[in-house]
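Think of it as A, B, C, D and E in the order they're written, each chain with its own count starting at 1.
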Amino acid sequence: MLAFRAYSWFLSRRLGLALLTLWGLASLVFLMIKLMPGDEAQMAAGADASAAQIEAVRERLGLDAPVIMQYFSFLGRLLRGDLGTSIVTLQPVLADLEKVLPSTLELVFIAMLLNLAVAIPAGIVAAYRQGGVFDATSRVTAVMLGGMPAFWLALVLQYVLGSVWRVVPISGQQSYGMASPIVTGAPTLDALMALNVGAFFDALHHIILPAAVLAALFATQIFRTLRASLLGVLRSDFIMAVRAKGATARHMLVRHALPNSLNPVLTLSGTQAGAMIGSAVLVETVFARQGIGAYMFNAVAQKDAFAVLGSVMFIGTVVCLVNLIVDILQLLVDPRIRAAQLGSQGQ
Amino acid sequence: MKTVHPLPDEASVVPVRQPLITVEKLTVDMPLGRSGSSVRIVDGVDFTIGVGERVALVGESGSGKSLTARALMRLDRLAKLSGRVDFDGTDLLKLSDRDMGKLRGSSIAMVFQDPMSFLDPLMTIGDQVAETLRIRGIGKAEARKRALAVLDELGVDRAAERLDAYPHEFSGGMRQRVVLAMALVGEPRLLIADEPTTALDVRVQDQVLDLLDDVSTRRGLAVLFITHDLGVVAGFAERVMVMYSGRIVEDGEVASVFAKPSHPYTQGLIKAVPRIDQDLNTLYAIPGAPPPPLARPSGCPFHPRCDQRFDRCGVDLPALQPVGMSRVACHLLDGKGA
Amino acid sequence: MLMSIDSISKSYNAFPNPPAKVLHDVTLNVDTGEAIGLVGESGSGKSTIAKCMLALIKPEEGRITYDGIDVIHAKGDDLRRFRREVQMVFQDPYGSLNPRMTVEELIGEGLLIHKLEPTAAARRARVAEMMEMVGLNPNDMDRYTRSFSGGQRQRIAIARALVIRPRILVCDEPVAALDVSVQAQVINLLQDMQKKLNLAIVFVAHDLAVVRHLCEKIVVLHKGKVVEQGSRDEIFGAPKMPYTQSLLAAVPVPDPVVGRARRAARRLETAN
Amino acid sequence: MTAPAIAQPAARRKEGFSAFEMFVFALVVALLAIAVFGPFFAPDSIYSSDIANSLMPPSAANWFGTDDQGRDVFWRLIVGAQTTLLSAFLVVTLYSLIGVTIATVAAAGPRWLDEGLMRITDIGLALPGMIVALGFAAAMGASLRSAVIAMAITGWPITARMLRGIMRQTMEQPFVAGAQVLGVSKWRLMTKHVLPNSLDVLIVKWAGDIGTTVLVLASLSFIGVGAQPPSAEWGATIASARGYVSTAWWTVVAPGAAVAITSIAFGLLGDIIQVRRDPSLRGN
Amino acid sequence: ASAADREHTIIVGLGGQINTLDPLRADYNQTNTIISAVYDTLVTYDDTKLVGSLATEYAYSDDAKSITFTLRPDVKFHDGTALTAKDVAYTLDRLKRLGAGVASLIDGYDSTTVTDDTHLTINLSKPNTLFLPSLSKIYILNSALVETNKGGDDGQGWLQAHDAGSGPYVLGDQSQAVVIDLFPGYWAAEAGRPESIVFRRIDESSTRRDELRAGNIDVAFGFADRDAAAMATDPALKVVPINTSYQTEVVFNTKVGPTADPKVRKALRMVYDYAGGLRGVRGGNGKVANGPLPARLDCRPELPEVKRDLEAAKAMLAEAGASSLKLKMNFQPVFELQKQEATLFQSNLREIGIDLELEPIAYPNYLASLKDPNSIPQMMLLEDFAQFPDAGIMLVKGYKSDAIGTNRTGYANPEVDKLLDTALATADDAKRCDLYKQVQTILDNDSVMVDMYGVYKPAAYRVGTLADLKASMLATPAEPADFRLAKP
């Protein structure tokens, strides 16, 4: 009961802070968009619209109100879960996002999986065999991969692997005729739900290169952080104590060293989640995937205020959520943080 | 609860003990950066610890006590060891890593200086104590039961409830008991205790010493007790070895060393301790500071700080020679001194 | 009476648990030139008192007065004078000196910020003089502290505190991290300085042997309360409180005969 | 009584540089030299279109071939180094300044200020840099200047967040209490005692960030925000060559390699600094 | 995708975002390309000639203030209801109400008089001979269907992804890509149309090229010329340079700044390397321009091509007293080729000592800048095109002094205004054409722009999929409704 109260207190505090952050983010971006030149009413009315038509649209969209009023009505709608209407698609932004989000989330999720699945084992081995061949080669690889512009890597790999060698699809999210009924909007998931193995592997085949490219830069960061953190932990006294008990290297690494070096890695992957969605724009463009990157890019280009706001709010929410998850994971991993954050003295 | 163990009468003859571990010409070299060069920290140490014997290793910070102790268990991955460490007839320095691993925790165990930093902060106390057994394939329930028994034996109250607590929830003294339990649960024959009380305040230190005392007597456990506090040595050990700059400079029965220290360094150390049971006067202070391993003076490493030095001290390295019941490394005792 | 601490209480936040009170109505006085020992086991609140005395933290209740200055609420000139006249030496000789400052900067900083020596040359001279006084070689003035040993660092810390001629020096376990041989050097130095400069010393320690050596007045703390205070002879000769007695009994004695006897006696006592 | 002069050598002896480290230093110096002096040697023609000779493969006359305007790719890379590195330095310097200021104020200030600044930092962390850059480009015109400003104002939160944490830790160190006891002013406390002892980790980060910034500038050019013609800035160069991966690979590979080498060189420099600071991280 | 097999499906690689499928938004090129196959219009263009589509007959009244139509009787919407005059009225009224998107084309629409199911009259508020051509972009909605789904936004949300048309195709599954399927009941059914057409968004030209090569798509448009050249050698592919109304040009601000001086404008026209740009940037896919309007339009006078002549340009500038100019040109950074042309122009200008600063401008900003002549960019590089192939619409929107917001040069010439007003009220095609020609000659003399070249947009398809690729002047570059399978 006590623990439950402590957890809910912790959660509500974090959620409160996250909401505060989101509100700040929304306000900032709202202001930014309103400061941008360009006339939304004109964009909505069309390039060839006459002045009278533009004014009519302006009135209809409520753009004739003072900016501060627009801000408040925006906040009011936001509270009701309404992200506003896109002036380009003339659709509720939420509906638009529903179409583009799953694809991006799928990409980012798989990239994150790849990222961790490659970087963590590599980091462990490199740190344990510090100075060995694996350490040297993986560090060089990390530096090289981390040094290439993501879109450049994407273009080159797309050409070499996709166009010339044809080992992966060149672009797109699935092959012709492989679409499964839409449930989530993410092709791999939808294929799974439709129990269509072929479609699932087809979608996976399409996502693997984009996800790998996206993961590359981030994996190098995780690898380096984990390696450094592990080296620190491996030097610490309790590792010697574990060895003095006669533990095998494997036991020592997995049960003691790794959990103790996870904290900076968790923190880093929290910040990476947001950055990944940001970088998804580049990868989505190259691989012709329909995701939030392309949507947002288009929205900014068209001064589609609510579409931009909606996208940013979404990314902000993901970032806040991921950070919340990271906080909770840290809490679960480390009893000291648990004690400090939850205030329970472990009774 | 506690059994009170009668203290040995110091007049009684020292029992002749079966040697448990014999160290011959042990050197420890530590690498220096990437250059491939290394520095000799422990420089040719010989000693024996008998079965059930309690030996103290004292010396100033940096003199190489910990590295010597860890060399016995080959715990420093980077250290280059040479010499012989004979444990029960096998040379530990020649064992494979696997076999050495099997020995650790079951034949030789270690208790460390700072109980906090030697406990994994993310694992419960119970799991950490039981781990020594679990590694050896003992079942979870059984390991836990035995862990609990050891914790109980060491006077951790409400031990059963506290198996699931984390190290940070324990006080310093309790943590030291846990660390001790970790060492004892594998039923070793030699316990190396590296400054197990230095981080504790006097009262807790006292409790831990009592505990060690009890356990070693009850289990017939040999203890190598490392400390820089001579007061602690006096109350606990049977034999004391004084280390200075990587070498043993004096080794003898506690009673005789304290009564009549032979080496000027030992004399200085004893005089420098403020005593609660004597009159007040200005404390004796050994001038200067111990040399770092890379800048050891020639000859006797102690000579720049020694108030009885003479010409030869700066030239020749004195060897550890038997002097009465003890062994001492000092030119003064060659009979040619001032 | 130079400084008086008048029934102060202090709690630390343990949010969301209720704040934990670590000092309960502590009262003690410091007279000019006297050395007071503050003893007690770990966590008894010794450092907390020291920090209160230096206005690093503020007690919730009680008053601290230094030479007419209300320490808890001091501001401006009062605070400046207080900062010059009450100084501190910390336990950890490795963490208590800014590693990015040379010895000269470290020792001279007080002179600089209190504008005691206007010119750099004069400051240098004073620093050299001070280094000499605490047994350091003034030639080392331009070096950073990382190459100094623990004892030497503690000397630098003492020089840094004393160069501005404070009237009270609070030492929080200044020798706990030092080797016996070096510990003796630092204790002797403190004793020396106290006499030379007519300094009041507040000496925090858990090793009663050290305290006995240095302090003529002893305050025993237990769980944030003063359980006993008195002169050296009173406390060591005839401790009244059981807690004080247990502290005394636990002090190891570097003599196998005495040491074993004391321990045997004590263990029989606790066993009964 | 004066103790004998200290016999101890410096705690960490000065180690020589390994061949690899020398190589990295040489690379960084070479890049900087190219950035500083390169433009003096470049022919004027790097800004003049020679459309008849566009997209010529590498040859003796044009080592790395020509671009879509018929300009020499090699010399444009040399000249572009200046713009590219200068912008990267500018970005990193700007956001470091902002980050350090915010972190210092947060660490030194009262709790409410700290909380407030950290919430603002959170907002900054959640704000996609790409969007801000696009917004800036829309507001101020897409130019290298907008890109630099956008990156500067989105880059600081990480620095601020990290540094504040480190500074709070540093402030727990006894020497800070020591300085307080001496009565140093808040300003001196922060600038002389806390900040210098907190910057270590960040210096490593900044060295690495130069490389990352070059990458991000390139990405911004890719989405149309960034340097404009006829600038030879590398990101813009790759971005405008992106359609030629198969038809004129040299226009893509050369600037991509330049960006990669730079980012790798500065990344490695960061590594070396880090290892020097903490030798335990060393590999071989 | 859909039920149709791959053989009878055509997959199109389309660049750019498909924002919506609401016919209101036919002003977006991608939207228009797709919905042109889903909906019908009253009139349409056969190449550049206006012809009837749903309307079999149409005529302006003499005062050009109203138009009468006779509709086909046999047209069915996709849901089976018949298309009648009422639907036309509904469509136009809805557009007028919403005032967005293509509504700008029917500015001046007053009302519709429905005579019977197949006869109607559209009434205009003032004479407007551009109205009829504009109807080629007005897609007729199924009024009953939209009305039942109108929701709170006059059906905009619903039309986003649903169709209410009568065209040859119906909107299919929209889940992964936009798919349209053949409508069996089409009134003008023709053999050979693909069963299904899939539109995949692929922004990069090189990606479209590689996907086409790999056979993952069958046809794609808007290739970079270099990619077109690379594909031309591939026997599996057929590259078609599609010639529609695209013209690359730099329009001047004729109102303020140095470019207000016609001499300066004229001089600047003589600097650009037309031949070099056409060959180097466009791979020769185009033709050097002559005159302000794209060459594919009718009603153009025979104007001379402008020749590059640096000496003459310098002399002219000296005459204008503007020898060392500093100018600024805007361009849209999203179009890589335009960026190259801008760079080339910049380099050309440097040869005569003119410093040209290039500044990318986002489309919304550009549009907003047109509201005030003072904020109109000094020079703006554009790839202009006609929404429908009528000279009048480009001239009226672009050069009438009261066309604030679409007049890109700030041009104000009473003579041109008068000629255009007359043309708007002249129902006679030949006479109107003549007026347009006069206007173009004036504009050319006034050097309102650097008219660079008409550009052909390379498209390509896999041999064996499509029979041919026909250019469209309405839904550039080609209309899906015109696709015919090679092997039906």
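The rule is simple: a contact is a pair of C-beta atoms (placed from the backbone, for glycine too) under 8 Å apart; a residue touches a chain by one contact, two chains touch by 3 or more.
By chain, with names taken from UniProt: A, D = Peptide/nickel transport system permease protein.
The shown structure was predicted, so the numbers you read here are calculated from the model rather than taken from an experiment.
Looking at subunit A and subunit E, the chains in contact with each of them are D. Farthest from subunit D in terms of Cα centroid separation is B. In this assembly, E is the chain whose CA centroid lies farthest from the centroid of subunit C.
Put simply, the C-alpha centre of subunit C and that of subunit E have 86 angstrom between them. Centroids of subunit B and subunit C (each the mean of its C-alpha atoms) stand 31 Å apart. Subunit D and subunit E have Cα centroids separated by 45 Å.
In subunit A, the residues that reach two or more other chains under the touch definition are 36-38, 158-159, 163, 285, 301, 303, 345. Counting partners per residue, subunit C has 149, 152 as the residues that reach two or more other chains. Touching two or more other chains at once are residues 204, 206, 210, 334, 362, 364-365 of subunit E. Residues of subunit D that touch subunit C in their complex: 1-6, 8-11, 173-175, 177-185, 188, 192-193, 196-197.
Chain contact summary for the complex, subunit C toward subunit D: residues 51, 54, 56, 79-80, 83-84, 86-88, 90-92, 95-101, 109-110, 113-114, 132, 135-137, 139-140, 143, 146-149, 152, 155, 157, 160-161, 164. Within the complex, the subunit E residues that touch subunit A are 1, 6, 9, 11, 17, 19-20, 22, 24-25, 27, 99-105, 107, 153, 156-157, 160, 173, 175-177, 198, 200-204, 206-207, 210-211, 213-214, 216, 334, 362-365, 367-369, 371, 387, 397, 404-406. Residues of subunit A touching subunit B in their complex: 236-238, 240-248, 251, 255-256, 259-260, 333-336, 339, 345-346. Only residues 41-43, 149-152, 179-185, 187-188, 191, 206-210, 212-213, 236, 246-260, 262-264, 266-268, 270-271 of subunit C touch subunit B when the two sit together in their complex.
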